[in-house]
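What follows is a pair of complexes built around chain A, which joins chain B in one and chain C in the other.
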Partner chain A sequence: MTTNQGWKSVGNPEQRIDAVEKAAGTVKYIGDFAMPGLLHAKLVTSTHAHAKILSIHTEEAWKVPGVRAIVTGEMFPFHIGPILADRPPLAWEKVRYYGEPVAIVVADHEYQAKQAVQKVQVEYQPLPVVNSVQQAFETGAPLVHENSSQYMKIISNVYPVPGTNIGSHIKIRKGDFQTAWLSCEEIFEATYSFNLTDHVAMETRSTRVEITPSGKVVVHSCTQSPFTIKKVFNQFFNIAVGNIVVHAPLVGGAFGGKGTVQLEPLAYLASKAVGGKLVKLENSREEDMITSPCHIGLKATISLGATKEGKLVAGKYTFLVDSGAYTDQAAGITRAAALDCTGPYNIPNVWCDSYCMYTNHPFATSFRGYGHPELTFAVERTMDQLARKLNLDPIRFRLLNTIKPGDTSPTQTLLDANNIGDAAKCIERAKELIQWDQGQRRETGERKVRSKGISLFWKTSTTATNAQAGTVLTFEADGSVNLNCAAIEVGQGAKTVLAQILAEKLKMDLKDIHVTMELNSQYDPHQWRTVASSTTFLAGRAVLAAAEDAIRQLKKTAGIAMQCSPEDLDVGGGRVYLKANPEYGVQIKDIALGYKYPNGHTVEGQIIGSGKYVQRHLTPMDENTGFGKPGPWWSVGAQAVEVEWDPKDYTYKILKAITVLDGGTIINPMMATQQMRGGMSLGLSFASSEGFIFDQQGIVRNPQLRTYKIMRFGEQPEEYLVDFIETPNIDGPYGARGIGEYGVIGAAAALGNSLSTAAGVELNHLPLIPELIWQAKQGKEEEL
Partner chain B sequence: MIPFDFEYYKPATVAEACETYRTLQEQKKSVVYYSGGTEFITLARVNQISADAVIDLKGIPEVQVLEMQGDQFIVGSAVTLNQIAESRLFPLLAQTVRGVADHNSRNKITIGGNLGSRLSYREGVLPLLLADCKVRVAGGMKGEGERVVSLSDVFDKQLNLEQGEFLLQILVDKEYLDLPYVHLKKTKQSKVDYPLVSVAALVKDKEIRMAFSGICEYPFRLGEIEEVVNNTTFARKEQLKQVVGKLPAAILDDLHGSAGYREFVFRNVVQETIDALEWAQK
Partner chain C sequence: MISNGKSKTVIELHVNGDSHEVMVRSGDTLLDILREQLGLSGAKRSCENGDCGACTVLADGKPIHSCLSLAIESCDQSLMTIEGLMGSPIQQAFVDNWAIQCGFCTPGFILNCHALATEHPNASDEVIEEWMCSNLCRCTGYQEIKEAVQSVVRASGNA
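Let's look at the complex of A and B:
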């Protein structure tokens, strides 16, 4: 007979539940939708990085057959934004970046809209361009925003400095930095930088909006933040929240780029201009790269001070985040980078100034890791250089300073065995996997150099303090379960993990769990957003709560059927059975819709399990010191990269990339491993190849994949190695921590460290193309 | 999406192609010959090319030829780069075109399209310049039919055909096919990218021949450079300096690489090429 013994799902390498449809190519993405009567919108975008809009002439565009509406900025002259409302959806009065939407053309067919876009004539008066964070920071720099003090703050932790290009200034003041700095026996300072890059998700952003005659606004979008769309529409278009319905299907890759709300308001304005008709707005690849938000650039200066023995005493961090023309999520990234500025090291005295800088570059939003791949590149390069100065092995130096329970974070959160993973174990395991003891640098027979680099990293996720998720479970007449939850499947495997958590709790076969892939905001319970590696944690806990609710109901109904107390029952294997005698029980299918007595009378009715989870005890940060508890836990990990570098022409090959993550309990080891590989691939691509190139006028010279190169299949490392340390997080479902973003975080740093060791020069800028190494080697040829 | 309407013609013979072109010209239409279509599609969707009509040459039997005919290797202009790469009848050409774009694109890109590309690289021409090949050209406004000329007569920096002409075939003498050769291509980072420097080289009568793309704004083969390369009295360092000095135009300085770095790569590549072919000079 069936007992609960055979049912185990957490920890199993289950196949993803979306694998078959994706492999068969039958998944319908947002852009795949077509129907008669659907109107198409296309954007007129700015040809200048910074200019006054003198006039917009639409007469010629109107002559294109099929054109139904042309929307320009003065039709909605208000600012929107997730943190600081500083961005007009359509540029109004002036443009602040090359590629910024200036007008929308709506037409019967896409080609007509595209033709008409060519015929909209915009007259500009060029303004001085702010082309770097350094320039933006200088006194007297041209202003990207003249009136930033008047912008509405949507969340509290954003501090624009009026009369400057500072969109937000976040401070961390821990200990007594000034005094401690003077006491340091060894100090090291260096500056790091890279330009803005793009997410390059395979699916370009796409949305469609209609306004029904009764006033409902129906949005379909590939988004990570369906409920934020509702919030934005409510805040800025004054539509009742309940009248906004958001649908989101499977998303074809997001990497943070679909966390913000940009196209949906434009499609709404377009629909409004044509009487509420359904309007589709889909990015071309080029628009997706520069018109829609990209990934921050950064200039970081780090000073570390230590004792002779290598114990870190004080750290000073200055981050100039290139947020482009608008703050969007870059304001939050500026904050996130500050609160984890030290990396996973115990540094008693910390001074950090993190600035979100306006420039005339395309604007940036969240990118997988939310500030952490970026700060980790700077921190871990500094750690390696200081280790060299101290004449310490880089791993030993890190181990001397690794943060532990009992230490405090830069925002002075006390760490305990539960809220921080085991960084030391991670680096020890990575050291084994990369075979560190066989030497960090050696020359091969073919006159090449093989070298290894390591990085240690951490991240906490700065969710809203009331971030939450909810789950509803309904039961089918065959005893199988529908799992409804607003977590978005962006390819990360969220839906599979949630199904596994439910299967484990209900001790049920995974195939009897049906997860709704699409989201409908009208019947899925509220979930904050699918970002910040928070889904397994938030939605996982909500699933557990819903399962408990369903189990309670199942036991109650079964207790009636079996004429016993619900306390004597257990659920498992598709049955509710007597704990004392598991052979005696009732099938869930026989009670899923209520228990029917032989005479037809039915009691209890269907089982509907509901559950929720909300973040506990999170606080905003203090404006002057950063003091606060911004996130629920830190996941920590170590990464290592081995390269083969050619000293003759400075080209290199990545041989191995390794991730060891303390992810708490790993729900699905196969998916988790794959997620780390994907993260490394994203990070190594960013580090080795990517970056927008600007001309003197701030024009992006490589806004297409012809010239903006990402790592291609076949260029990945010969070997990806992944391992997990599983220090359970008591709050997480089955002890799980968030892992989604982590594979990317230390990749750039490990590559930078390994190439710097190989080439014998400090490589502190990205992307790490051979020309960069050549530049760094200039004048040092004789060393070879 | 290509936002403009255009007429599409697919002639089955050379005569029909010529006639179609002339008719469209008389109607004052702008006309583009094409075969693979990769360049037309990618440039048209971003409004960098437009045409009232396109003439698809793929239906003409002569442009699909890829075979030895007597002592000549014949390549039709609509033969795809992958077909050339896989045929291996001319190994240097095979290896050179295998470096262009990615595999999917090479299934479409044709040798004629590569030679006539608007992009400056046109790497497919490098081995052909070395092999003193001839080309068969058809069309033109006067209607006299076909002509066979030296490649060097119609290719200087780019393919310079008369209005209405199109490339029909490339003819390579057999004696060039199996000579010792080297092809090297260096890029900014990814192998699938435009060249910083691309070089094709072969040794004929103990003399190294070299043609380059990527280093300057057009592909070229230059006798003066080959003289230096084959002058064994030079010390290597001096030889490389001389080669750089003989470049026919300024070294490119663009988003793929600075002029300084390109020169560094160029020196490496020339040296590597000479090292690899030295044995054949003796």
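Let's look at the complex of A and C:
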């Protein structure tokens, strides 16, 4: 028996523990359960973007066989929301976006519910439509919410401005912007915009809810936030938290879109209307895109001032976040975009006004990167344009200003190597990988221009100040371990990473660790959410704590068996052994359920390790200056894109997409690479082809995948290059930072920069379809 | 076929080598019947519009969108779902090449790839692209899927 001194899992490209079952097609996602007696709900949705509801007639719908209930907004005329409670789950009195739920039909079969939905007659009186953030911001604009000041604040950092369409106004005031601005020798200002887009997870959102005779509410959902469902049901339906049980299976892609609670309250109302029976509510693709929350739009104006040598002195940032009809997580995104508004640059004087704007568009929630891909597009386009004005190489200009230990963030957090990592190293490495020194723009043929663009990015994990995770480990009689944790597997590989952290700590074979893949909120310890690139950090620390607890118990039981002090023992290779004489030890399997003396007496019992971790010393932001500590660390990185652009027809091909991330210690380099590539793909798809198209009445013209184009096989970059800089974070498990969102953050900016260089025109609006590049070239580009 | 003359018909479906009697409405899609009556949930509902390929199954060896096929049209065909493809080299290739993240699009991609490898054992990259662009994946960057497909096509081409 070896002592396994050389044993390692962290840093190894271990195969994902969910891959085999997923390849076999046997994984059960939320929509894969069918059972007799299950009732089906379908939504009646608004055909107007802004209108008064005059009447709802359900008589014809009731005539459809199998209809069991029809629910309208009167059943629950209250507002809910994660940050500001401003949204009735079912519209009542008026509708505020095209696609908004107006009624729910419950029937025996889905086709019956669909038939009945067609027969619900809703009479509307159209109201003036707020169809852009610009319009929303103008004085005298029609109001989407007349009484926003009366809405209940669920978290403190949200500031609606009564009598306007401003759902929240977040301010950053650092240094003395006004004075500093006047001292700048070179200044540049530009405006950027893009429309709302969608997550397009391949699995549409779906939920099942029942209310048991004893009053328990059982929710099944494909959610990133099972415990938030409990919180929301408690807050708004007044159900005791302990009486709400949430089940979450593996999730078929989320990208932030399954982090908020939208479908579950509707299914609860539907179940309540049929006496608590189990009701399923599943989105069609169209509903998933516009009825359930989507991704923000943005209009950003950035002014940067520098010395003539290129040292940044002052920055002013105005973000108009298109949150659509309700603030949901867009209010948090507005805050997150403000607190990292500068990007990873040292700017001593910062003035930022970040507005969460109500419009009559589908409402938005978190999207992978939480405001950062969006702000980064604006910041990094500005950096390139100011570099041009200063006649500096874009990389040299960035390196002159790259954030480093000793600088402060916009919220005045003091940075050190531990919390900020090494942004400069990332950009140097990206520069090598993209072969920057071989030229940024080359004409390689009559209709071929190759050009390169670069982008720096950063993001801190803006979790709740009390965000936490817990883990319970139970040892089996064969010495293997069950790992119970409420982290949700959305495809990011969280479960594998946690298993690796545990394997490393217990010096155990990964095969002997069994991770519970599905969540039951009654069995699993509380976890804040699976969002914000926080799972490896929070749940990873909880796993380490649980492992330490288990090791303590293992040593105690083994000490009894071996008649020695627990301090003299070590754990590894499935054994507990004497440090001084590793040959002498016991198998974990022989003590996993306690130590049994030869006479049958048994002591200690099963090894059950538990552990937890909660964020330390985070604070909300000051209302007037933004001062505060928003997150435990930043991950920083650089991305680069090389395109081949055709100056004749303005089409282009993405040749290379590069990410260099300082993600701290990388637990699994292949999964981390997967995350970076997938993130780049998502970001490049968003930047190159996505966006809702609104008509004059605020109707979405492309709410389906035939007309809303996402990246297809064959359109991906010819080559992805991924590398990691690993500046450890002391608090992270084995030094890890967050990585899940980061691949997406700089992708749009790097594409925008490369195409602007290729086309010789500043491209400041997304999506970068050939037609829009042509328009910009003609000087005809209009802001969205 | 047994019909009650009104809304439902009993038909026989041949899936993964077995025959099953199911009772269908004329409007039921093959996807819904496979999932709800036969418990074959590997074919996924995602767009129900033929745009994403998550519902792909094989009919007489050819990939089809089961969301756009009526169950009643499928009785004379030999159908294969992902559940009928246990332990194939393609499944292993998707595992080995890190081509799986959330896994929701995976069955559709794998079946499409299986048909491709059968029809075009020496498929060029252009042919691979032509076949695979019918399926959408939102998690990966497609690179891993491409490598998985190439490894299988190459292997079967050499065989």
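The definition used in the following text is that the second predicted complex is superposed on the first by the 775 of 784 C-alpha atoms of A that agree within 3 Å, B and C clash if a C-alpha of one lies under 4 Å from a C-alpha of the other, contacts with A are read in each partner's own complex, and residues count from 1 in each chain.
To be clear about the criterion, a residue touches a chain if its C-beta (ideal position, glycine included) is under 8 Å from a C-beta of that chain, and two chains touch if they have at least 3 such contacts.
Quick caveat, the model's predicted, so the values are computed rather than measured.
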Which superposed partner A:417 touches (first chain B, second chain C, both, neither): neither
Partner chain(s) touched by A:24 [first = chain B, second = chain C, both, neither]: second
Contacts of A:200 with chain B and chain C, given as first, second, both or neither: second
Which of chain B and chain C A:187 touches, first, second, both or neither: neither
Contacts of A:614 with chain B and chain C, given as first, second, both or neither: neither
Partner chain in contact with A:255 - chain B first, chain C second, else both or neither: second
Chain B versus chain C as contact partner of A:517, first or second or both or neither: neither
Chain A residues touched - chain C or chain B, whichever exceeds: C
Which superposed partner A:711 touches (first chain B, second chain C, both, neither): both
First (chain B), second (chain C), both or neither touched by A:114: first
Interface residues of chain A shared between complexes with chain B and chain C: 111, 284, 704, 706, 711-712, 715
Residues of chain A that touch chain B when the two form their complex: 110-111, 114-115, 118, 284, 286, 648-649, 651, 688-689, 693, 701-702, 704, 706-707, 709, 711-712, 715, 767, 769-771, 774-775
Touching residues on chain B, where the partner in the complex is chain A: 1-4, 42, 45-47, 102, 186, 188-193, 255-258, 261, 264-265, 268
Residue numbers on chain A that touch chain C, as the complex places them: 15-16, 18-29, 31-32, 34, 111, 199-204, 250-255, 282, 284-285, 490-493, 657, 670-671, 673-674, 677-678, 680-682, 704-706, 710-717, 720
Chain A-touching residues of chain C, taken from the complex the two chains share: 25, 27, 35-36, 39, 41-42, 44-49, 51-52, 54, 81-83, 85-86, 91-92, 94-95, 98, 100-107, 110, 129, 132-133, 135-146
